[in-house]
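Multiple structures are listed underneath, in structure tokens.
In the two complexes below, chain A is the common chain; its partner is chain B in one and chain C in the other.
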Partner chain A sequence: MARYALMTSGIGFLILLIALPLTAIFTQAYQGGLAAFWEAVSSPEAVFSLRYTLTLATATTAINGVMGTLVAYVLARYEFRAKSFIDSLVDLPIAIPASVTGFTLLLLYGPVGTIGGPLSDAGIRIMFSFPGILVAHLFMTFPYVVRAVGPVLQDSERGEEEAAQTLGASGFGVFRYVTFPAIQSALIVGSIFTFARSLGEFGATIMVSGNLALRTQTAPLFIFSEFNAGNIEAASAMSVVLVLISFVLFFGLKFATGKLTLGRALQ
Partner chain B sequence: MSVSRILTIVALGVLITISLTTFWDLARQSSGRTITIYGYSAMEEPLKNEVIPAFQEWYRQTHGEEVEFVTAFAGSGHLFNQIRAGAPAQVAIFATEIEPTKLMEDGLITTDWRTFPGNGTFALTVAVILTRDGNPENIKSFDDLGNNGVDVLLPDPTTSGGAQWAILALYGSAFLNGTGIPSDGGTEPAAKLLKRVINNASSLPESARKALTQFGLGYGDALLTYENDALVDIAKGLDYEIIMPQSTIAIEPKVVIIDANIGEEDAALVEEFMDFLWGTEAQEAMAKHHFRVVDQTVFRRHATNFQKVDSPFTIDDLGGWDEASTQIIEGAWREAQRD
Partner chain C sequence: MTTAITLRNLSKRFPDPRRPEGWFTAVDSVDLDVEPEEFLTMVGPSGCGKSTILRVISGLESPTSGDIFIAGERVNQLPPKDRNIGFMFQGYALFKHMTVTENIEFGLKLRKVPPSKRRTRVADLISLVGLEGLEARQPRQLSGGQQQRVALARALASEPRLLLLDEPFGAVDAKVRQKLRVDTKKLQRELKVPTILVTHDQREALELGDRVVVMNHGRFEQIATPADVYDNPQTEFVARFIGRTNVFQTVLEEDHSILPKGTRLNVMVRPEDVLVSALPDPSEPQTPTLVGTITDYSFLGRTVRLEITLTNGTLCTVALPKGDALKKKLGLGGLVSLEIAACHAFLQGDGSNSPNGSENQEAIRSDVSDKVASP
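Right, the complex of A and B next:
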């Protein structure tokens, strides 16, 4: 009896909270029929924004996949001063409002900023272009890989790595044959979360991208612009595309890793 | 090889292909002649659908060359922040003169827009009230927006130029009494009206366009907005009614050139585009998109599409932008918001 009560309230809440609004987006998007939906997502602006978003997410995931693993490795394997301070820094992007990240980067890398000033004198502009948005996405998604890979590294025995070393394996050999297989699943989980977070990033992106159609407009910004302009069909249609991509990602996650979830990886 | 491994490799292959082709396209784009335009939200349709294609065609025929346009549209305040932070805008159209004035102080603008025809205004509009069909709340004037139980939508003046105009319209209608002469009670009635309206405001969206979209989704009884935006929605067949107050403000958007972002090689092109805005073709396009254009011949052709305003007033009647922005928008409005 308790089982049914718990199931009903748990799943009911999930449906009300997540499934219902998503269904509403689907209904909105299909209001004008499939032809109208296709027209909305196949405009040059829509196609560009989607490609741009996927490109950003790919680059973000590639860089944070490597750098996140590196940071996790350093934190798990070495003891040094201020380690707990550094460790706490990792999680900050989750708590800091995205808009704060956006304007901080804008100021830092802008024409009057500490970094942006000299660069802009040299004719290099980072903000309102791909590198600027990439920096914002790297910032926003940094915790995921570190927090997925970290616990696995902490759990795994340092001894195995040392044994491999004693047996004559090179540094790279140890990583390739001992460390990497241990963290592989966790790395996939972290990467998928990174990718998904980057796919949906809005708050920081709107600040640093300049929102230029066909230049720097990501899919979430496209949705925002279309909604503001009153084109709710186009906004809903692109939302559906992003929802579907995310769904495939997370479904693929289960498929690729069996039972592993971020919840477990984060323990 | 396992299925999941094959799928992973395929997915990675697709993503890498998309990334590389996107970079390739971006790299290719940057060649050729380009103008970057930032415009406040109401400019999106007339510029993207008519003015820009018309200019591209004209340029092709005159110079035998292609011009590419890079565009971004948002609330005036947002545009301002982006341009100040280094966004590459070369031409910008702001809803008010507040932002260009600050950009001039920052040195990004060196050419005074007041030296352009119409002091930098190529198309005007007025502030109106949009209600649901049949005007169920029986709103006749700006003053009625302060009545009990009227749910008013109006954008946020900190980010939206349209909202600043809306506030000036409210304030001016009470302050100038519809006569152009300041009322006996001084600024008191105007401040009271702002207070009453803000108490009725259920939402302050960040741009005039977003306010219009929210209104379209069923929020609010009345929306304070641009006449041109209201006419766009009426033309779409939406069941709204435009209430033209007896006295309202003439809204004069300003087109400016951001000199800091214009290289020597682009100067002539930008100038030609600016001239084009006051030409017959662009004026016709703006009139078609419900703006009251400055070219009187063109305006007369479209005059029947606009309701007559009995006693319009301008920003100068409120003491000009310097005074209006400090006394009314930053002064009276903030005070009304606080207490």
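Right, the complex of A and C next:
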């Protein structure tokens, strides 16, 4: 009896909280039929924003996949002063409001910023362009790969790496043949979270991108702008596309990693 | 002929902020020469530095000071991958995501051995360690004993010039362990690869080693043949650590040729070095100085172990063949006389455990063996 009560309240909560709003978006998007939906997502602005978002997410995932693994490795393998400070720094992007992140990046890299000022004089513009938005996305998604790969590295025995060394492996050989295969699944999990988070990033992006249609407008910004302009069809159509991409990502993840539960990888 | 491995004045310290001096000395200025084809065992309590020595030899740790020579070549600066040493790790450290074959051929691949040669070598090794039929399994699908064999085959694959075994039988149960010990020793004889085996099990060290190194606190207490280590311990630590022993505290009652009167000694007597005989009649006047009662009787198969409480309350453990115990009609509660056939005496409170000199031992023994029972 208790089992059913727990199940009903748990699953019921999940449906009310997540599934219901999503259905609302789907209904709204299909109100005008499939043709209207297609028209809404195939406008040049929509296509640009979607492609821009996917490019950003791919670049973000690639860079944070490598750098996140590197940071996780350093934290798991070496002892040094200020290690716990560095370790807590990793999680900050989750706690800091996205708008604050965007704001600090503007102050630093903006046209009158400490670094952005001199660069701007030299004709290099970081803010309101791809590099600036990329930096914001790297910042916002940094914890995911580190926190997915870190525990696996901490658990994995030093022994295997040392055995490879005595068998003739160089530093890179050890990583390629022993360390990498061990962290592979965790890296996939972390990368998918990074990609998904970048896909949906809004708060920092709107601060640093300038939200210029056909130039710096990501898909979430497109939705925001269309909604503000009263174009509900376009906003909900793009929302559906993003939801579908995320759903496919996470469903694929469940499929690919099988036993690996997301919770364990991310704790 | 050059030695297989030579250590000269080798030390290894690890930083340890909790200690007043700021470091922990794991290995303290040791010297060692391992002969070609020799099977050397290293034994000592956990934390005595024996595993650290293997790690330093293999290059996984660099020495704080001192030199390492492999076949006459100084290798201090050589990275592990270039030393060609077979290292079998405690817990084996098999590659979990690789099959038995992939584990064994890993080193050959890295050393760019052509595939045809590799296949032959792996097949040879698999039959050598008796793993036929398990080639495609992953380590988690193997028993502890099988994993141990894979680890051994992997360490031997590229014909290393030295084999290091770190607690190789620690993770298997007692029955399998005995068989693995015998097999490993046979294999080493066959391959003639110089081998250092580290263990905390003194029986294993005695059984396998051509010579045994007894270690304590980062130092070598004694390097000798198993028989010598057992019969002629050079330090009190060795006498206590290797085999069972009775420890009696005594004070010299008169000046001795070497030691003055009043010298405090710890006298070590092996259980089998105590000769026991039953006292037929307790009321009879007794000539032997050592008399006691059997307070515990354990049957151990071929031998019998007795706990004897001496008249002054001191406990003494005695071991003797089952047949002798029966013949002499020794039983629980029986009154017995004891005679000490051999013992080793060490100066008391000599923290360094420095040997007293083997030439002194014989003289001391005759002097103290009859005073053991004095309170």
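Convention: the second predicted complex is superposed on the first by the 266 of 267 C-alpha atoms of A that agree within 3 Å, B and C clash if a C-alpha of one lies under 4 Å from a C-alpha of the other, contacts with A are read in each partner's own complex, and residues count from 1 in each chain.
Following the convention adopted for this analysis, contacts are C-beta pairs under 8 Å (C-beta built on N, C-alpha and C of every residue); 3 or more make two chains touch, one makes a residue touch a chain.
This one's a predicted model, so the numbers in the text were calculated from it and none came from an experiment.
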item	value
Touching partner for A:47 - first (chain B), second (chain C), both, neither	neither
Touched partner set for A:92, first chain B, second chain C, both or neither	neither
In the superposition, chain B vs chain C on chain A residues touched	B
Touched partner set for A:255, first chain B, second chain C, both or neither	first
Chain B versus chain C as contact partner of A:178, first or second or both or neither	second
First, second, both or neither for A:66, with chain B first and chain C second	neither
Contacts of A:120 with chain B and chain C, given as first, second, both or neither	first
Partner chain in contact with A:20 - chain B first, chain C second, else both or neither	neither
Contacts of A:170 with chain B and chain C, given as first, second, both or neither	second
Chain B and chain C footprints on chain A, overlapping residues	none
Chain A residues touching chain B - in the complex, by the definition given at the top	51-52, 54-55, 57-59, 106-107, 110-111, 116, 120, 125, 127-128, 130, 210-215, 225, 227-230, 232, 252, 255-256
Complex interface listing, chain B residues touching chain A	4, 7-8, 11, 15-16, 18-19, 21-23, 26, 29, 36, 41, 44-45, 70-74, 82, 85-88, 207, 209-210, 212-213, 216-217, 233
Interfacial residue positions of chain A with respect to chain C in the complex	157, 159-160, 162-170, 173, 177-178, 181-182
Parts of chain C lying in touch with chain A, wherever the complex brings them together	58-60, 79-87, 89-97, 106-107, 110-111, 154-155, 157-158
